[in-house]
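Note that subunit A is present in both complexes that follow, paired respectively with subunit B and with subunit C.
And then the complex of A and B:
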C-alpha cells in the first residue's frame, strides 16, 4: 500500500510539474519529412525566440472532421493547423477557421512589399495563409524501366512499354485529369470534358485499362515505401516525398515531372480560440511565414515557398549540400507541362465524381 | 533392451514412401507456384517439377543408403553446395538445414519411424490423424506467431523502409543497424509519448483495479439487487464497439474538461491527462471485475464470518483476510487493465490532445504518415514487455493454484 501511495504521489507530481512549465501551443501538420522540415525551419527558431513549447500533432489528414467535432464540443485543442487549400476553403466556409487580414497579420517582404502582393494570387481564401507550393508527380524505379525511362505522363498508362504495378492515389482528383489527357483530350479541354457524364466515363474507361496493375495509396508515405520495395515500377505522390527517397534515402528512383499537378498548402488558425491563444497563434504565423522562414523550409524539403520574395533566397539543402532549385516543382526544367489543382471545379464536382470513382473501384 | 518389433523396423513399400514424399513436396511447390508463377501452365510445371525432383531424390537416398545418418550428411553437403552456387552464405546455411530435414524425412517415412512411440494397435488412419492434428496445431501456432516474428528482424533494418534489403538476406552486417532503436531513445516525440504512456497507464490501472475490485466484491454478495443488470452495465465498455465508446467519451469528457478548466481553473494539460486517465480506467474496469469475480468464486465466505467473530471490523477483514486470498485475481486483472491502457489508440485519439500523445498514438500516426521502422523497434520493445507481463501473469496463476492445493495445469 505504501508503495502504491508513493507511486501515486510521484506520478501526480510529475504531471503537475510538466503542466506548470512553459507556455504550450499545439501545431497540427502532416508528419513525415514535411513536419521535420517545419520543425527545423519554423518551430525550433520560434521556441528559441519566445520560449513557447510547441507540441506536434499530425492529424492534418482528418483536420476538417476533427475541427468540426472539436468546435461542436466547444473544446478546440489546436492552435495552428496545416491544411491544403481546398480544406482551408471548406473550413472557412463553415466558420471553423479565423479570417485574417494579410497586410495586418502577415509580415511584409524585406523590400517593403505588403504581404497581400507578395503572396499574390495564392491567397485563395480569406482564412488561408499559404506556405508552400507542392506538386503531385510520379517517381519511377530506374532499374526496373529498361533503357528508355518514362518521360511522358502517358507512359503511366502504357503497360506494354512499362509492365509492372504503378501506385495511384485512391481518389479521382489528378487521376481523372491524367487519364483524359492520355486519352487524347487537349489539356485546355480537360475540365470541360470532365464536367460531363461521358467525360467521366471516358476517364474511368482509360483508368480501366491499367486498373489491374494499380496499387492504390492513401497516405503520402505509401508510394515511397512501394518504390523502395520494388513493389511498383512507378507511382504518384507528393514531390517532396520523392525527393527524400531519391536524395536522402539514395534509392534507385527518378522523377517524372510531366503533367505534375500543383497544389497549395498552408496554415489556418481555428476559430473560437481564447484571446491569449489567438494572439500567440497569430504571433507564430507572423514569424513562420515571413520571407526568410519560408525560404528556410526549402532547405529541408523540395517544396516551393509561397512568397515571391522567398524564391531568390532558396539555396542549398541544409545537410546534403545539394542545390535545391532543380528539385523544386516550380523549376522551369520541371514545370514544362503542369496543372494547377482546379479548386472551383473540384468544389463543384467532387462529391459526384468521388461516388462514381468509388463505385468504379469496387467493381 | 528388447529389439523393436519387426513390423516397426521393416521398411514400408517403396511406392508408398515415394508418393508420400512427392505429395508433401507438391504441396510446398503449390505454395511456391501460387506466389511466383505467371500463368497456369507455369504453375503446373512448378508443382510437377517439385514433386518429380523430390521423388527422384528420395529414390536415390533410399537405394544408396541403409541408414539415415550418412544420407543426412550427403544431403546436407548437397544443400550446402546448391546454396553456395546460388551465391550467399545465408543460402548455404539454409541448404544444409533443408538437406538434413529432407533426408531425415525420407528415412523417417521409409523405415516406419513415425510408428515409434505410438501404441502398436493404432490403425493407419489413426496414425495419420495423430500427425495431422499436430500439423494443424503447428500451423495455427505459426499463423499466430509469424507476423510478430517478421517484425523483429525488420526493426534492425539499416534503411528507412519496411524492406528486407539484399544485404539483410545475405546476413551482411552492413544491412543491420540499431539506428531505429537509437531514434526511439533520442527522438523527442517518441520519448514524450513513451513518458505519457508510462504516466497514463499505471494511474488508470490503479483506478480501475480499486474500483473494479470493489465492484466485484459488492456484486458477489447475494443480497445486492439487480446484480446482473449492474454487472452488464459495468462490463459494457468491453462489448460496445470502441469507436462508439470513444465518440461518446469525446463529447462527455469535453464538457467535463471545459468545466474543470473554466470553473476550477485547472491547467489545460493537466485536465487533458485526467480525461485520458479516466477514459482508460473505464476501459480497464471490466477486466478487473471479471478476473476478481472469478477468484471470488473460490473464496470461502465463512472466513469473513470467522474474522468478524474474532472482533475484526469489515475493513480489517478485507485487507487482512479477503485481499491476500484474491490478490492473484486482482493482479491479473490489473495487468489486463494496464495492457488495455498501454495498447489503446482509439479512445486516446478522441479524448486526448497532442500533449497526451501516447505510444500507440505515435505508432499509429508514424505508420500512416511515415512508415518508419522506428515503429518496428518500438513494437519489438513492446512485444518483449508484453511477454514479460504475460509470463508474470502465468506464474501468478500457477502460484495461486498451488496455494489452493491444485496441480498447475
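And then the complex of A and C:
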C-alpha cells in the first residue's frame, strides 16, 4: 500500500511539474546574438509589464522536426517559436502552427494603419508573423583581395581576379540562383530555368568551376570564423553575422551586398495549445511585434524590422553607438540588386534539387 | 529401501510431492528475480524498443494517401493508366469530396508533402488547390473534371494521377527502394537517375572509413595498451589519466580543436611553413575531407580501443614470454606466437566498439568532413530534421541497423563472440 501511495504521489508530482504554470512561457529562438537582441527588445520589457517568466530555448534550427514529434506525442511544450518563413510554411502545411488573423491578432501601426498593410507582402503564410528581414550576402577579407575589392556577385566565381577559397552554404538554395545569374541567365528567368533539368545541370556546371576552391558551411557561425582565420577570402552568411565580424570584432572584412537574398524570420504559435497558453502566446505576439518593439530590436542586431512603420524608428546601435540604417539589408544603398527567397519554388523543388546537389558534392 | 515402490512419489515435509514443491520454490525464486530486473526491463522496453520499433515502422508506413483520399483511391485503383486517358468524372468527383474534408482538417498539404517526395510539384499543387476547393460545394458544383483542370493544369496531367495511384497502398517498399538509390515508378521499380544517386555511395563510404578508423585505432592503441600493461603501477596510472583525459572533454571541443590544428591557416600548417617544409602558397589540405574525418574520429574513439586491450593484456602472465624465450624463440616469435594470440579477445572487443560507434557517428564528420568525409548518418539527420522525410530516414536507419547486425553475425562466425573480452 505504501509503495502504491508513493508511486501515485510521484506521478502526481511529475504531472504538476510538467504542466506549465500560469506565470511561465517557453520561447524558442536561434540563440547567440540574435536571441540576445530579442531578450533585450522583447522578453525583458514583456516580463516587466506582465510578470510572466520567459524560458528560452534555442532549438529553432530543428523546430519543424521537434514540433512534429511533440505534436505526435501530444505534448507541445513550446509557446512561441521563432522560425524562418520557409519553415513557417511547412509547419502551416502540416497543421502544426496556428493560423492567425493579422488585423485581429497583431497591433496596428501608431498612425492606425492595420497590421495586414503594415506587414504587407511579408505575410507569406497564414501562420507566419514576420519579425525581421535578413539577407544572405557575401563578406570578403579586405586585405586579401588586392586593390579592386569584389563588387559584383559574379566575382565570387572569378578565380583569376580573386584567387583563394570561398565559403558557401552546403545546400542548393541561394547557390543555384547565384550560379545561374553569373552564367548569363536574366534575374527574372532564374526560377523558370531552375525548374528544368537542363537549368539545374547548368547551375551545377557553373558551381563546378569553383568547386575545388569552396569550403562548405552548415552553421551560420562558420563563415565569420573562416573569414577571421583567413581560411577563405570571401564567403556567404547571414548579414547580421557579418555585421558583428566587421563592427563588433573589427576584423578586416567588408560586405558585398550585390545579389543578396532576402529572407524573412518571424514567429509562429504551435497548434494544439490550451486556451490559456494560447491566449498568453497571442498576448506576447501582440506586444512583441508592434511598431516600437520591432524597431527596438534593430538596436542590437543589423536585421531590418518587418513593418514599414518601424523603419523610420531605427536608430543607433545600443552599445557601439553607430547608425544602424546603413547596415540594414533593406537600406537603399545596399539593396540595389536583391533577390527574394522564392518560397513556393523551394517548397516544391527542395527535395529534388537537394538530392542532385548532394550527389554533385560527393562526386 | 523396499517400501519406496508402494509409497508413490517422494513427499516433502508438508506432504506435497517433492517435485511440485521444488517447482514451486523455483517459480517463486524466478518471479523474485524477474521482479528485481523488471524496472530495467520496463525502462529498456519503453525508452528503447518501443521508439526504435515505432521509427522503423515508419519506413514502410504509407496510410496517409488512403486516409486522406478514402473515396478517390478505390475508384482510382480501377483506372487503367496504360490507356493514356485521364480518369473519368467519378474519380474527380470523389477527389472533390475527399479534398473538401481534407482541407477542413488541413490534411491536404500533408499529403502534398508526402507525394512531393515522389514527384516534384505535388506540394504546391495540393496547397494551391486547397485554397480554392475549400469554397466548393460538393453537391451543387458538379461536374468537377473541368473545374479541377481549370484550377491547376496539373490535374489534367496523367503523371500526377499515375503517381497517386502508384503510391496509394497502405504499406510501401518505396522508402527502402529510395534508400538504395532506386525508386518505385508507375512502370515498376527503376534506379534513380544518375544525377541523384548518392545513398549507396554514402553507405559504402561509411563502412570503408569506419574500417580505416578501426584499423588506425588498433595500430595506434596496441603499443599504448602494451606500455600501460607493462609499466609499474605508478607510471601506468599517470599514463592512464592521459588516455582517459579526452573522455572528460566535450566531443565538440575536441572536434573543434582538430579544426584549429588541421586547417590551412592552422597550427600544423603554420609550423610546417615555419620549418620550411611546406611552401606558404602550397599549404596542405588536411581538413574538410576524408583525412580530417579519419584523424579526428581516430582520436576520439581511441580510448574505446585502448581500454579493452589494456585490461586483457594485464591478465597475460609475463612468464609466458620468458618461457618462450628460454625455449629459444626470438623476440618477434615470442611476441607473435605467444603474446599476440592472447590479446586477440581485447582487439576484438575494441574493434567491435570502435566500428559500431563510428558507423553511426554524426557530429564529427559534419564538422570536419567537408563533402567527401561525411557519413550516411549525416544524410539520416538531414532527412529527420530538414527534409522531414522520416520514412526515408527510417529506411536508411533500418538498413544501417541490419548492416551492423550482419557484421556482428559474421564476426561471431569467424572469430567467435565468446572470444571477446572486456577484461
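Everything below uses one rule, namely that the second predicted complex is superposed on the first by the 341 of 363 C-alpha atoms of A that agree within 3 Å, B and C clash if a C-alpha of one lies under 4 Å from a C-alpha of the other, contacts with A are read in each partner's own complex, and residues count from 1 in each chain.
The rule we apply is simple: a contact is a pair of C-beta atoms (placed from the backbone, for glycine too) under 8 Å apart; a residue touches a chain by one contact, two chains touch by 3 or more.
It should be emphasised that the depicted structure is a prediction, and the values quoted were computed from it without experimental measurement.
**Q** In the overlaid three-chain picture, which partner chain does A:210 touch, first (subunit B) or second (subunit C), both, or neither?
**A** In the superposed model, A:210 contacts neither subunit B nor subunit C.
**Q** Examine A:108 and indicate which partner it touches, taking first as subunit B and second as subunit C; both and neither are also allowed.
**A** A:108 contacts neither subunit B nor subunit C.
**Q** With both complexes superposed on chain A, which partner does A:93 reach: first (subunit B), second (subunit C), both or neither?
**A** second
**Q** Should A:229 be classified as contacting the first partner (subunit B), the second (subunit C), both, or neither?
**A** both
**Q** Which partner does A:358 contact after superposing on A: first (subunit B), second (subunit C), both, neither?
**A** After superposing on A, A:358 lies in contact with subunit C but is clear of subunit B.
**Q** Contact-wise, after the overlay, does A:311 reach subunit B, subunit C, both or neither (first, second, both, neither)?
**A** Once the two structures are laid over each other on A, A:311 reaches no partner at all.
**Q** On the A-aligned overlay, A:77 touches which partner chain: subunit B = first, subunit C = second, or both, or neither?
**A** first
**Q** Counting contacts the way the document defines them, which residues of subunit A are shared by the two interfaces, the one with subunit B and the one with subunit C?
**A** 61, 229
**Q** Which positions of subunit B touch subunit A when the two form their complex?
**A** Subunit B residues touching subunit A: 159-163, 189, 199, 202-203, 206, 250-251, 254-255, 257-258, 267-270, 272-273, 353-355, 357, 365-366, 368-371.
**Q** Given the complex with subunit A, which residues does subunit C contribute to the contact?
**A** My answer: residues 105-107, 109-110, 112-113, 116-117, 120-124, 127, 192, 195-198, 201-202, 263-265, 288, 366, 370-372, 379, 384-389.
**Q** Which residues of subunit A touch subunit B in their complex?
**A** For subunit A paired with subunit B, touching residues are 4, 7-8, 11, 14-16, 18-20, 24, 26, 28, 30-32, 35, 55-59, 61, 69-70, 72-75, 77-78, 219-222, 224-225, 228-229, 249.
**Q** Applying the document's contact rule, which stretches of subunit A touch subunit C when the two form their complex?
**A** Result: residues 61-62, 64-65, 68, 90, 92-95, 165, 170, 201, 215-216, 218, 229-231, 344, 347-352, 354-356, 358-362 of subunit A touch subunit C.
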